[in-house]
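Report on the structure given below.
For reference, chains read A, B and C in written order, and residue numbers begin at 1 within each chain.
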Amino acid sequence: MLSIKNLYSGYGKLRVLYDVNVEVPKKEITVIVGPNGAGKTTLLNSILGFADVFSGKIYLDDKDMTGTPAHRIAQLGISFVPQLGSVFANLTLKENLIMAAYTLPKKEVDKRMEQVLEMFPIIKEFFHRKAGTLSGGERRMLSIGMGLMRNPKIMLLDEPSTDLAPLITKEVMRTIKRLRDEIGLTVLLVEQMAKLALDIGDNAYLLVSGQIKFKGKAKELLQHPELSKLYLGIKE
Amino acid sequence: MPGWLASGLVYASGLALTSGGITFLYITTRTFNFAHASMATFGFYVVYTFVALKGGNPYIYFPLAFLFGSLLGIIVYFILNRPLLKRKANEITLMMSTLGYDLILLSLIQMYCDYLTHTYKLYPRRVTMSVYDIQIGGMNASTYFAPITAVLIITALSLFLTRTKFGIAMRATIENTPLSEASGINSDKVYMTSWVIGGGMASLGGAVLAMATTGSPVLGMNLIANMFAGAILGGLYSIYGGLFGGFVVGLAEYAIVYWLAESVGTWVLGYRLAIPLLIMVVTLLFFPRGLAGIQWRRIFKSLSSKKGEAS
Amino acid sequence: MKKIFKFLLRRDVLIALLVVIAFLFILLSSGFSLVSSILIDASIFTIITLSLNLETGLTGVPQFGRVIAIIAGAFAVGAIPGRIMALFMHLPAGAEYANDSVNYKVVPVINKLLETSPALSILVLIMSLVIAAIFGAIMGWITSRPAIRLKEAYLGISLLAIGDFLMWVGHNWEPLVGGTTAVFVPDPLRAFGVNRMLMALIMTVVLAVLAYIILEKLTWSPFGRTLKMHRDSDLAMSVYGKDKVKVRTRSLVIGAALAAVAGGAYVIYTGTCTAISFTRLNWTFWPWAYMMLGGIGSNTGVLLGVLALAIARSMIVIYRGAVFGFLMAWGIDPIWLEYTLLGAVIIIIILFLPQGLVPERTETILPPDRVKRIYEKIIKRE
């Protein structure tokens, strides 16, 4: 569904990604792992229009969407759950969901909200509370719920394990898996916590210092004997 | 009602509106709107022109003053603020650009006053609006209408910001611009709306202020420091903080000056700028997040829990 | 030949040429006295703007309270030298000195004495300027205290409000400088046998040249480099062991002392000290416009900016009838266009010319021709 071909991108004069090729197949969870500073967030930013694409192409359903400005991305059916600042803390949960579906007509919004509340009963519980009063895990669930409000074709998640206790992180990963199983959601998941992500993933890429060092099935990468060496960029 | 309170309420309401506008513009566009000074003066002159030339009481022209201010705000957004925001200009540059606009507006106001004097034989440089006021129960109606205007604006804003989709979108953009853009909210529209609201509040505030002080081409310029003091006291986090901060600064100024004038002599009147200045400096040095930053809930909790223990 | 042509087409050179032409025009049409009054004004504002450039352009402190130091100098010269003279001459020198009915009689007596003695006049002049500098430095130090804690726009607004407040104090507190009625300032410029205006011109130009030399030396000294470090990244500067507070304070004190001298010179030149005339418009905002037009960070730019705008201002005043006379048909006084000019200059510079006319020269570690030779050596090797 999403194809990234020969991507060179960065920010202004700063070059981050070099010749990156990624395929995100439909209804599967594709995981990008790698150490800090590898460029994982930049990869997502390149899709979302927050980074500068120097050369290369990004295709969504075979249509070229490279360089689409940020506020049009939502309309293309791409949903983004950021690492930080993923919810509006000063707004209530209800308001958060309304904002997530900003570009949809009211009937759609009501319908989607019902569906999301069904999937995430915890949101219903705190519906009128300000999002900032929620715990980290609850906020993560809210942000995924917000991501679903637009019935997206594909959901991009940036390090959803950030600031979460291991138990909660497992819960979050389980939820993502549920989304693929129950509604056939296509997921592009970027994570530093390699094992947790690769456990639920279908396809995996290892990104180190701006380059793809491994591409294949998630199970393979998890069991790859050289995983730690590749991860740390150690040469023989 | 004592005289100082009657005028003080009017002045405080006017200051509340202007400080609120300054706060709103700052939290949305990071711009300290120096042009608030002349925008306020413009609002006053809109009301004065109609009252002097067409008659009637000032209040029926208040909405017109608001609209005029919104127009002034839109102008500055498109010509100055938007290009600078796109360039990611720093706060000083944003503020300086509004200073330039303020000076041009001031020159236009002065020229307009010349024109009024020459063509209509008016005296627009020293206007006591209370002359045009209506009386309620032996007092100037402004004592009631000014706070009512402020309350109406607060209510309207509150409804707009919590009950309408775009209002919620504005709050979302203020808090987290990248996330709101990713949600499809056009921040350009948000900024423009904030200038419509902020500009309108500036001019409306000026019209209200003129009911309490002398109307002149430098009405706004003389009070801009007070307006900023109110916004800083409010904390520059929420528009309600700004409105409240402006109100407190205004009322405090009137109350303290009146009390001092009674006890030590009327010479203190010349130094009244010391009060908002002091409030501003104290706020910035000791509780820079202003009133909005004080943990009101915590204070109430600790107070009420103490009560619980005592019984 | 081509080089000369290119040189002439540079923005700053063009403006400088225009300035010279304008001066000649004014000289030929209105005479020397007008030209000299423009030059005196420009000299005083050169000092002020240079001091502003030091604090804002070089150190990065948003000095929206430039009028504070000017007031310090002006009020000090208005209040103290006259009283000292009066003391020596057994004239009233206390609070009543500033009372208009007293002052109006006392100062002319002082002036009569000064007129007779060039030595005494020079003494009074120097003493006045030194007193101004001292009070300026004190004020600079006082305003540096909030400058430690406050940032950016908040600092700017606070300084602006303080400046306003000081003006009102001067306007209301009669014993200082006469309150609503001004005080006269003893005039040391009459004792030298030449036109008073000419003396004022010499005084202010000399001061301006001195200020320029001082500032240029400062700018290209290690202290100047430290200031630029503070402007560009005060965090990095602290990491290198420079005390941010000391740097800021020093800059603000020097700047204030300079501006105060300008303020003192101004009241000596005009012969009176009127508190209400020290508005933020004239003494903070116009210097900002001069600095922005000239180029923030460049002392030479300041010179150019002051001259260009001062002439433009004067031309509005002088020729308002001729060019803008049509406005008077509606009863409008074209003098207001001065504000329009100020606002327009600020806006145009911010939008189109943020570097100003003379962009700041970056300091290279090695002189450019040496760099060129090294580069050529490398090319040859390849």
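Please note the rule applied: a contact is a pair of C-beta atoms (placed from the backbone, for glycine too) under 8 Å apart; a residue touches a chain by one contact, two chains touch by 3 or more.
Just so we're clear, the structure is a prediction, and the values are computed from it rather than from any experiment.
Peer 1: Quick check on this structure: which chain has its C-alpha centroid closest to the centroid of all protein C-alpha atoms?
Peer 2: Per-chain C-alpha centroids ranked by distance to the global centroid put B first.
Peer 1: Please name the chain that ends up farthest from subunit C once chain centres are defined by their CA atoms averaged.
Peer 2: A
Peer 1: Taking the mean of the C-alpha atoms as each chain's centre, how many Å separate subunit A from subunit C?
Peer 2: 57
Peer 1: Return the distance between the CA-based centres of subunit B and subunit C, expressed in whole Å.
Peer 2: Their C-alpha centroids are separated by 33 Å.
Peer 1: Can you work out the whole-Å distance between the CA centroids of subunit A and subunit B?
Peer 2: 43
Peer 1: Taking the complex as given, what residues does subunit A use to touch subunit B?
Peer 2: 48, 50, 70-71, 73-75, 80, 82, 85-91, 95, 98-100, 102-103
Peer 1: Which of the residues in subunit C end up touching subunit B in this complex?
Peer 2: Within the complex, subunit C contacts subunit B at residues 62, 146, 149-150, 152-154, 156-158, 160-162, 164-165, 168-169, 171-173, 281, 285, 288, 292, 327, 330-333, 336-340, 342-347, 350-351, 354.
Peer 1: Under the stated contact criterion, what part of subunit B meets subunit C in this complex?
Peer 2: So the residues of subunit B touching subunit C come out as 32, 79-80, 83-84, 89-93, 95-97, 99-108, 110-111, 114-115, 117-119, 225, 228-229, 232, 267, 270-271, 273-274, 276-277, 280-281, 284-285, 288.
Peer 1: Can you list the residues on subunit B that touch subunit A in the complex?
Peer 2: My answer: residues 165, 168-169, 171-172, 175-176, 178-187.
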